[in-house]
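Paired with chain B in one complex and with chain C in the other, chain A is shared by the two complexes that follow.
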Partner chain A sequence: MTNGYRASAGIMLAPAVTLIGVFILLPMLLTVWLSFNDWSTQTPFSEARFVGLANFQDIFGSTSVGRDFKGALVNTAIYTALSVAIILPLSVLFGLLVYQRDVGGGTLLRTVLFSTYMVPMIAVALVWSKLYSPSEGPFNQMLGLIGIDPQPWLSSPRSALISIVLLNVWQQVGYFTVLAIAGLTQIPGSLYEAATLDGANRTEQFRFITLPLLRRTLLFSAVIAIINAVQVFEPVALITQGGPVGSTNVLTYHIRRVGIERAQGGLGSAMAVMLMLSLVVVVCALFAFMSRKDDE
Partner chain B sequence: MAWTSKLALAAGLAFLPGSAWADAVNISYLTHWSPETVALLENAAKEYSKTHPDVTVTVRAVPFGDLLTTLRSQSGSDGATIGGIYDLWLPELARDKLVAPAPEAVAAEVKGAWPAGVVSAASVGGALYGIPNEIDVYALNYNKELFKQAGIDAAPKTWEEFRETAKKLTKKDAGQQGFGMINSWAAGVVHPFASLLVSNGGELVANGKPALDSKQAGETFEFYDGLIKDGSSDPSMATADANTTGPFLDNFVSGKTGMIIMANWWESALKTGMGDKFANIATAPIPVGPSGDKPHSISYSWMTVVNAKAGEAEQKAAWDFLAWLNGAKSGQNGASAMSDILMSMGILPSRSSDIEAHKEKLGTEFLAGYVSVLSDAKPFPVVPGGQEFSESLQQTLEALQYGQVSAKEAQAKAQADAISILERAAK
Partner chain C sequence: MSAPAGSSTVLSRRRPTGGKALLATLMLLVAVASAFPLVWMVLSSLKTTAESMQVPPVWFPRTPTLDAYEKVAGVVNVGRSMWNSLVIASITTAGILVTSMMAGYAFAKYSFPGRTLLFSALLATMFLPPIVTLIPLYRMVGSIGLNASLAGIIVPNLANAFGIFLMRQFIAGVPDDLIDAARMDGASELLILFKIVAPTVAPAIAALALFAFVYHWNSYLWPLTVLQGNADSYPIVISLSRLLSYNRGAMNTGLVMAGATLAVLPPLILFAFLQRFFVDSIVSSAVKG
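Showing the complex of A and B:
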């Protein structure tokens, strides 16, 4: 009976496992294997030449290959950290505002917030590159009205990456607000009523009821926000081309330049492996942290 | 009509299109040109199809920043049959067998009708891979109106004069810079620097080896550093986007940049952006550095190549179309159709007979300045790893522009990076 059950379970799982194996695991394993080879993306896999850890030594070395990769890794980390640090609190704040049942126009606000997520990135990039224009951009004109000097935005290595982060926050915050609202709907209203009877004010209710019970939603949001941020590509490719001085050169854009434009498949694969490992480490650390909090 | 005759007629009609399809060849042409220029190319293709009804040419355009990636990622038999490429990309595309060598007849025609230097930039290991079309050269562009306002009579001829002129043209309160240095676009950053370097008697690459450790190169890095330290060049006014436009172009066309070193091809962008004010723009040779003998500049060329993985019939049709497009009979008054398209953008054609055919247009004030420096221009080095070398030098020059490194550090870094990149590419 047990064997029959196992066999039927195996048969039913086989299609999904095969698809995952062929389309997800195999490419991942192939990328890992290529990272140990010297290979041009324009040649067959059979022409790949095993070089051991040479590609990894290069990408962490002191030549321009290593410098550019390490720069892109740091830029990606900063971009991800800033995006998550701004998006999550904002999404909770907007979620709380929109979720208030006694405030009119909540549905409209929810729609407006979510609409930014539906706008294609090409349109966002086109508009924001003009908004950021140092001489004629509306942002600087508005700052001028309140007596603030024009800012260089995308034209300075100091502010270019932050400008791209702001663009990302604008586009993504609506989606994460919807997630926060979904989390808020799961919190029973009776808890707030009881807390009110016990004399808890709004801040205390937020700190001791809302935030702890939103933890799982926030964990999910954080993981998705990290993955989205690490995969940033379009605004960099469309607006800054990684510049100025490589300040917006993020890993996905850099891997495309190395692996496709320069056809250095081995080096590109080594970079992709490092990106994948970094992502795994960060997401696992996040889960471990939340799990510890749950235990406490 | 008997039913058998009707059946035979129907069968015959059904068969006719089938036989036409069997001989039809579809070829595609990938370019980075603007929609207006693409329309001109499509018109030329229609003209060609009148005498070659079995060949259909479709044109597809992508932004310049995506052109090389598109060529590489869509290099299979279903990719574009013809691609317009920058000469710097050719060695690696040929090494990776993505482009086909030209048939003997085409190669013989090109070798006889184009200057030897241009033919050599379209060749690898002695074999011709592309039909050259445009040649671009760098010169100093300046705004005569801003010169007049600053009391300057003539374009600077030496670096000393250049630096003084740039200072006089700079008005920080009015958001005006004397000299515009482009950033965020490899060729836009490297080519003006290389033009100043050759005008100072130096070279980027000599005998296949980087030559950025020379005295002339050191002086060029120092010159850039000086312009930045004087405040005559503001890097935040010079960012480019994927379409090679952006703030650097906006600031020049709106009269907020006094001088820029740029190639002839941007005539059409200037005309579009400036309208009647385009008459304020003049061209002058690159100022001569302390170690230079006379004005020099750098040049580079573009060519059309054929996808080596396309089918035999497609390749044959592609070479035939390109030979016609670049031939002396396809355009107006003895010019090629390609040169007519190029001249609509202010781009210099490279075929000798085209230069003769467009003599009048090439004599306009803006373009004449470019034509005059062409004979003393030095081709940008076409070596394996050239694109990576350009991108690396771009990073170093931008770091210098933004004050992140000194001139000496920039020179040492640029040379060390160039050695490592070119050595790896040569393996």
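Showing the complex of A and C:
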């Protein structure tokens, strides 16, 4: 650590701080300000007209604006909860498969799993739209082989959202597996030896050593998975356009449609503020829940 | 008496042969499920139109053909789009490397008032979904005349919190003596950063470069919003999205899969060569964070 280099510190920090300040922090503050204004995205910011909480009343109201937004909020919540609930347990299972040393090939498995994370989401969406194809798609063909009726996948309001969750899980699980492996390597092997001497079987060791010591990793994974999940856009924009019957209308897609395509900047900003607040609440609740468990 | 890491996990001690077979089967299943979509993508891109429309489907093309790739080239300007993607990803990556190394160095090696507060404020932006800033950012970039151009895609992304965080973590591990010795010799701070500090954290720089490149090669939401239909500036992922509407139904499966294969190749090739850096940096961002 060096004192007396304040001028240098200023020079070193200037590019990053300026860029992040201008292109992330400033627009974030503008979003908050615009959410209290009536403003068309086609016009300069100076055209914005203060309307108090009217935008928030609209997006939670009973008109189509309110119905669409509340629908998108619920869809995003379901999508996020399902993604996290599927990705986290799978990442631990896959992490154990990669980390164990009884059977070789763990590193190869990690490579295969992680490679999907490199694939552009747009390509994932394209490939899976064909995999899900009701008539000639491979998924229904494979189900047919084991005697299961063809599924409607993306074309039914009941299964479209979960179908998008599944393609998201496929793309992301490798990343979270690597995080889980990082957590597993932190657990001292001596704990398992002591537990074995005490006669604990494998299930007990998993429950009383592995899971508790992975808690920090899982908390980190959950936060990242939530932030990633609310960003889902490509499969919806490309394949379902929010349908069928609004069942895949998620917030990132909906906010862009309202705020950019329909140029209702004030309304879109109010929705973005609600998304930001929801994230803060969920992440804080997660941390509070975990620290309470730590106290027990 | 602690065993080396990895030798003593839940799944690993005194496993009977039957258990090993089960474990191997499970691993194989997971690998196949994970690899299947991409393998199917490549196989489908090599089929004839007739083969891709056949029910039940043909899994392996009988006479692999590159027809679909030719058709992609007829529908979208593949060369131009790939070039645009390369320009976007390369310049953005270069910018992120420079800004992250400089800021990471300042946070790791200088003490100045408000350091922790500033670092926390920057770090918080890492958790901000891009949609939250999209609407005003779109207007801002438009009002300075950068919309519908590659510059409009690139400029807002030249610095990010993840890069600063990663660089700070690694530069903090560089011995102060090394830096002080260079200062004695009269080297400037920028020279010290790029000539002395940078080589010692080369793996982390490689990891950040790959992350940034792949992220911005794959990025879709921001380019789509900024370009607003200016097809000359389309990166490959946007050109690709137009293939789906080109011809609905099974007719275009080969075409779409050929396009997808083209877009997937550059990030996957980079990953194949440099996956060690990717994995190491994820692990360090999780463990040290």
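By our rule, the second predicted complex is superposed on the first by the 271 of 296 C-alpha atoms of A that agree within 3 Å, B and C clash if a C-alpha of one lies under 4 Å from a C-alpha of the other, contacts with A are read in each partner's own complex, and residues count from 1 in each chain.
As a working rule, contacts are C-beta pairs under 8 Å (C-beta built on N, C-alpha and C of every residue); 3 or more make two chains touch, one makes a residue touch a chain.
Note that the coordinates shown come from a computational prediction; the quantities given were computed from them, not determined experimentally.
> In the superposed arrangement, which partner chain does A:F45 touch: chain B (first), chain C (second), both, or neither?
Touch status of A:F45: second partner only.
> Answer with first, second, both or neither: which of chain B and chain C does A:P15 touch in the superposed model?
The answer is second: A:P15 touches chain C but not chain B.
> Which partner chains sit in contact with A:T217 here, chain B, chain C, both or neither? Use first/second/both/neither.
Only chain C; A:T217 stays clear of chain B.
> Who contacts more of chain A, chain B or chain C?
C
> Identify the partner contact of A:T240: answer first if only chain B is touched, second if only chain C is, both if each is, neither if none is.
After superposing on A, A:T240 lies in contact with chain B but is clear of chain C.
> Look at A:T111 in the shared chain and tell me whether it touches chain B only, chain C only, both, or neither; answer first, second, both or neither.
So A:T111 only meets chain C here.
> By the touch definition at the top of the document, which applies to A:S129: first (chain B), second (chain C), both, or neither?
So A:S129 meets both chain B and chain C here.
> In the overlaid three-chain picture, which partner chain does A:T63 touch, first (chain B) or second (chain C), both, or neither?
It touches chain B, and chain C stays clear.
> Which holds for A:G265: it touches chain B only (first), chain C only (second), both, or neither?
A:G265: touches chain C, not chain B.
> Which chain A residues lie in the overlap of the chain B contact set and the chain C contact set?
Of chain A, residues 41, 129, 133, 135-136, 237-239, 256, 260 contact chain B in one complex and chain C in the other.
> Where on chain C is chain A touching in the complex?
1-13, 15, 19-20, 23-24, 26-27, 30-31, 34-35, 37-38, 40-41, 44, 53-57, 98-100, 102-103, 105-106, 109-112, 118, 121-122, 125, 127-140, 143, 155-161, 164, 176, 179-180, 189-190, 193, 214, 217-218, 220-221, 224-225, 237-238, 240-241, 243-244, 250, 253, 256-257, 259-260, 263-264, 267-268, 270-272, 275, 278-279, 282-283, 286-287, 289
> Enumerate the contact residues on chain A facing chain C in the complex.
It comes out as residues 1-3, 5-6, 8-9, 11-13, 15-17, 19-20, 23-28, 30-31, 34, 41, 44-45, 94, 96-97, 99-103, 105-106, 108-116, 118-124, 126-131, 133, 135-136, 138, 141, 170, 173-175, 178-179, 181-190, 192-193, 196, 202, 205-206, 209-210, 217, 220, 223, 227, 230-231, 233-234, 237-239, 251-252, 255-256, 259-260, 265, 268-269, 272-273, 275-276, 279, 283.
> Enumerate the contact residues on chain A facing chain B in the complex.
Residues 40-43, 63-65, 68, 129, 133-136, 150, 152, 154-157, 237-246, 256-257, 260-263 of chain A touch chain B in their complex.
> Tell me, which parts of chain B touch chain A in their complex?
For chain B paired with chain A, touching residues are 65-66, 68-69, 72-73, 75, 92, 96-98, 175, 183-185, 235-242, 246-247, 250-251, 254, 256, 387-388, 391-392, 395, 398-399, 401-402, 404, 416-417, 420-421.
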